[in-house]
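Same chain, two partners: chain A is paired with chain B first, then with chain C.
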Partner chain A sequence: MQLRATKAHFRDAAYAMPAALFMALLFAFPLFSVLRQSLQQENGDGLTFQAYAKIFSTPLFLRVAYTTLEVSVSATVFSLLLAYPIAYFLAKQSPRRRALYMILVLVPFWTSSLVKSFSFMVLLGQAGIINQMLGAFGIAPVKMLFNRFGVMVGMSHFLIPFFVFPILTSLRSQPPELAKAAAIMGAGKLRIFLRVTLPLSLPGVMAGALLVFILSLGFYIIPALLGGRQDMMFANLVDFYTREALNWPMASAVAVLLVTAAAVAAMLLSKVRGGSSILSEEGH
Partner chain B sequence: METRISGWRIALGAVVTVILVFMLLPSLITAVISFGSSNQIVFPPKGFSLALFRRFFAEEGWVASTWLSFRVAIWSTLLALLLGIPAAYALTRGSFPGRKILALFLLSPVMVPHVAVALALYIYFTEIRLTNGELRLIFAHAIATLPFVVVTASAGLRHIDPALERAATVMGASRLIVLRRVTLPLLTPSIIASGLFAFLISFDEVVISWFVARAGDTTLPIKMFSSIQFEVSPVLAAISTMLTALSIVVCVIVATVQKEARSG
Partner chain C sequence: MPDLQPLSRRSVIGGLAAGAIASPAYIRPGWAQGKRLVIVNSGGAMGDAKRKALYDPFTKATGIEIVTASGPDLAKMKAQVERKDVEWDITDLNDAWVPAAARLGLLEKVDESIVNRADAIPQSKHEYAVGGTVYAAGIAFPTNRLGGKAPKTWPEFWDAKGFPGRRGLRNRVTDTLEIALMGDGVPASQVYPCDIDRAFKALERIKPHVSHWIAQTAQTVSLIQGNETDFTYTYTTRVKDLQAANVPIDYSFKQNILGIGWIGALKGTKNRDAAMRFLAFTMDKDRQVELSNLSGDAPTYADALAKVDPATRKWLPNIADPDNLFVNATWWDSRIEELNTRFKEWLLT
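Moving on, here comes the complex of A and B:
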């Protein structure tokens, strides 16, 4: 009996073989090639850390690394500040109304980042809608595009839905009796929020923050379209080395560092309470 | 007391309204502009017209790249479904050693930054001399969409009571018949949902396509990307509206299919 059960289990495993094989051949192996490429010597033979040594002594790389970190951290903070009120509001609604409001979060979630970038260019440009409106009040045009401000607006807009879901889950798992008990004890709304609701939702905030940070590290489209020259991030640097400098070892070394950073953050994410569920339920 | 409560409510309501307006602004703005009559990007538009939509269908490049995107999205979705549904079945029904690692491996493309996957495939396709641009895009997109198929189908399988499958087995149905007559029909809503999501993801994919595509194979997002970079054509407003409409239609179909499955 025991043996038969095991056999059945292996037969089940066989159903995953095509997918595993496909992913091994077209995902794992190519990524491994990138690692190998990053360790390639310029004359072709032998392994070396040349590309890494060169990268860490390049001012361009150091600046991009700093930008990537700075942009990722501030985008995470900004989208948290905007996502928390939405999640809090959604958590307070009846299931029917929540489903309705959820659509308002899902539409931006499924909107292509190119559509968003185009729209923000129309909105924030030198002669864009916002500056036209400011002009009507006699205010001089403000530069909101091709700088850090543009990147922040675009990135936060993209990231907010990713933040709303984990915070909402964590808020919804709080027993409503807790807030009620605090209210009976005479606590005001603000006090209940600061002393009960907010601290209990921190695991969700933490999980969301790590997820959003990982996503931020790899951003390419939004910094390329809405950012200035000084807003180059890791992904844009990979593109630069691949296409313009035609230096595959350097491009590969940057990509390896980027994947390593994302992997470390993902490992932390799986350690956070509620984090592992995000990793496996992505896309819902 | 009373005023403090309503004060809190009003403040929260105001803040949430502002944020939700910010969230919906891009879709709303492009929708309004896309119905403008002018050949320039003007807000608010003067009068109503479909000129920008007509321009999209008249300009050869846009239509051709849209067709390429459609073809790539359909084939990569089929490939992802073909690989992902059985894998989801193995992951939810089987309990073999290494199941967790396999799940993590199949879902990992979500966590690996797209630009790294893009570079990896760019180098790899060059090395193995895969020169067919469409095939390169189909393979690349299947990698990006596979995790979404696996997750959606797994969630669907978890909601199917294994007792139903067991009952069919007890009644003498073979494994394949159980799969074909019981499991797959019950899973249909999840298959449709995951297929539609996969299609949408492939249709929108830019970064991997930007690296993997060859000069002649411009998908719609690649063409949009270069258009935004170099000329900012007003046709983009019409495309944006159509893409947003496509996303909404897909979400509505998914919601309807899953609701019917629950009530039926």
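Moving on, here comes the complex of A and C:
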């Protein structure tokens, strides 16, 4: 029995080998090179923590780190506020209609963020479609582009699907009897939501929040195209050190810190109740 | 003939070429059948103009096919040269890149025995690159808004009360630092060596009036068209193309920043000879006049200006005007990283 189990284990592992090799070659190995480069001296060989020391002493890095955190947290909150009602609505639909509406949620997910960013420019600009409509009612143009608002719109548009699905899973796994029981006990709709549905969906919210937060940390195109001068994030800083400053050890060090931050958040994700439902099939 | 090695293809071709004495150095029929050069340029209208004025005629004259790639990039050059896997033979270069690329060993030295550029203006000569065009940058403004009131000089651009309107500048320190000094009243002749602190102080003054720190060149004019901003730093060629399309936009020729459109060969290119021949071709006066007609940038030969079509000539910058400023890439070279970082930090605050 023991032998058979081991054999089966090896056979299963063999199925994962192509993907594992692929990742080792195209992800782990380059990542290791980046790590090594971050420890290199600017002009030659020899390992040093010079780049890291320099990074933590430049106001540029600290400011960008703060902006990244601020943008990621607010994008997470902004997306949650928009995604929760969608998930709630989807959970209430019949399976047939839910499948149809899910496609609507997924369409933005399938569109390139470059294309979406240019579309938002047309929509949100000073002479854009929304401002033209406001103008027809005599309202002065509102600045919605090239500032934090533009970044939030672009980012949450991208992130909402990543939030909807964990919340939906968590809403759908609630036994409908619970809400019925609460109703029998005399609870109104709002009360049922606040005391039963919402607390029980929190694991899904937490899992979605971490997932969205991790994704936000690495945003690049959207802040570059829709943001203002202050909306510089980690990925934009990596680009700056790579292409403008030509300081690759610094670029690599920023990248390593970014990957570390994402890895820490991913570890938290596996610890959160409900988070495991994203990372593995076992947790409920 | 350099030596008596066993007969190589080059020596045979060299022998054949000796027959074609009268033709310029880069033309050696049959010299390189099947050869090709990979050239990187910025694409767009300038890329098309170069295809017509330089690449196709070069192929016709030499038989060397030219393949283009878009987006010159110093980081990619560095990666190719360091990994000894050079895919690009020739690349366009920004002003500030030339000394940096030379210092980092990313460029082949220009072979003066092949490239003849004796008459070219001195600003267009560098040990490691040739200057094929002169471009000009200055203030663009809309003609259908603001009652036609627009700043025409940098002190006027800095005068937010006298010329109300949203400003657009580039999000990089090169050019912007020089503009800031001129905006603060420094004459072009005294901009270098730049008084860095004075420039940042001047930038601080204009900052509240700058609605956009522009990353993409195309945005310098599209933001005016879209009424996102009013006065921007842009290039003559951009405004020329828009005027041709009847867009209400104009350009001031006062206090222009002049730069060179550099071309260099990557260190370790497998086609060094062909690359040098191409560099020689770009320094051909007639080719430069043709390119000028098509692109709107000026030739790097003072006496070639007169041969440019009159319709294009009115868009060409005046190289001799003391109020115009030639970018001094050498001044930038040792300071670029420090100032780049300082500028980015300043932008974030």
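Points worth noting:
The definition used in the following text is that the second predicted complex is superposed on the first by the 254 of 284 C-alpha atoms of A that agree within 3 Å, B and C clash if a C-alpha of one lies under 4 Å from a C-alpha of the other, contacts with A are read in each partner's own complex, and residues count from 1 in each chain.
Quick note on the criterion: a residue touches a chain if its C-beta (ideal position, glycine included) is under 8 Å from a C-beta of that chain, and two chains touch if they have at least 3 such contacts.
Keep in mind that what you see is a predicted model, and the values were worked out from it rather than measured.
Using the contact criterion defined above for the overlaid structures, shared-chain residue A:Glu177 touches neither chain B nor chain C, since it reaches no partner.
With both structures placed on the common chain, the touch criterion links A:Leu123 to chain B but leaves chain C unconnected. Of the two partner chains, chain B is the only one touched by A:Gln132; chain C is not.
Judged by the touch definition given at the top, the superposed model places A:Leu114 against chain B, while chain C stays out of reach. Applying the stated contact rule after C-alpha superposition, one finds that A:Phe240 touches chain C and leaves chain B untouched.
With both complexes placed on chain A, chain A has more residues touched by B than by the other of chain B and chain C. Note: residues 224, 242 of chain A belong to the chain B contact set and to the chain C contact set alike, using the contact criterion stated above.
Residue ranges on chain A touching chain B, taken from their complex, read 9-10, 12-16, 18-20, 22-23, 26-31, 33-34, 37, 82, 85-86, 88-89, 103-108, 110-123, 129, 132, 157, 160, 188-190, 214, 217-218, 220-221, 224-225, 234-235, 238-239, 242, 248, 251-252, 255-256, 258-259, 262-263, 266, 279-284. Touching chain C in their complex are the following residues of chain A: 58-60, 63-64, 67, 125-127, 145-146, 224, 229-230, 232, 240, 242-247.
The touching residues of chain B, counted against chain A in their complex, run 4-5, 8, 12-13, 15-16, 19-20, 22-27, 29-30, 33, 41, 43, 82-84, 86-87, 89-91, 93-96, 99, 102-103, 105-117, 119-124, 127, 139, 142-143, 146-148, 150-152, 155, 197, 200, 204, 206-207, 210-211, 221, 224-225, 228-229, 232, 236-237, 239-240, 243-244, 247-248, 250-251.
Partner chain A is touched in their complex by these residues of chain C: 73-75, 78, 100, 104, 171-172, 211-213, 215, 226-228, 337, 340-341, 344-345, 347-349.
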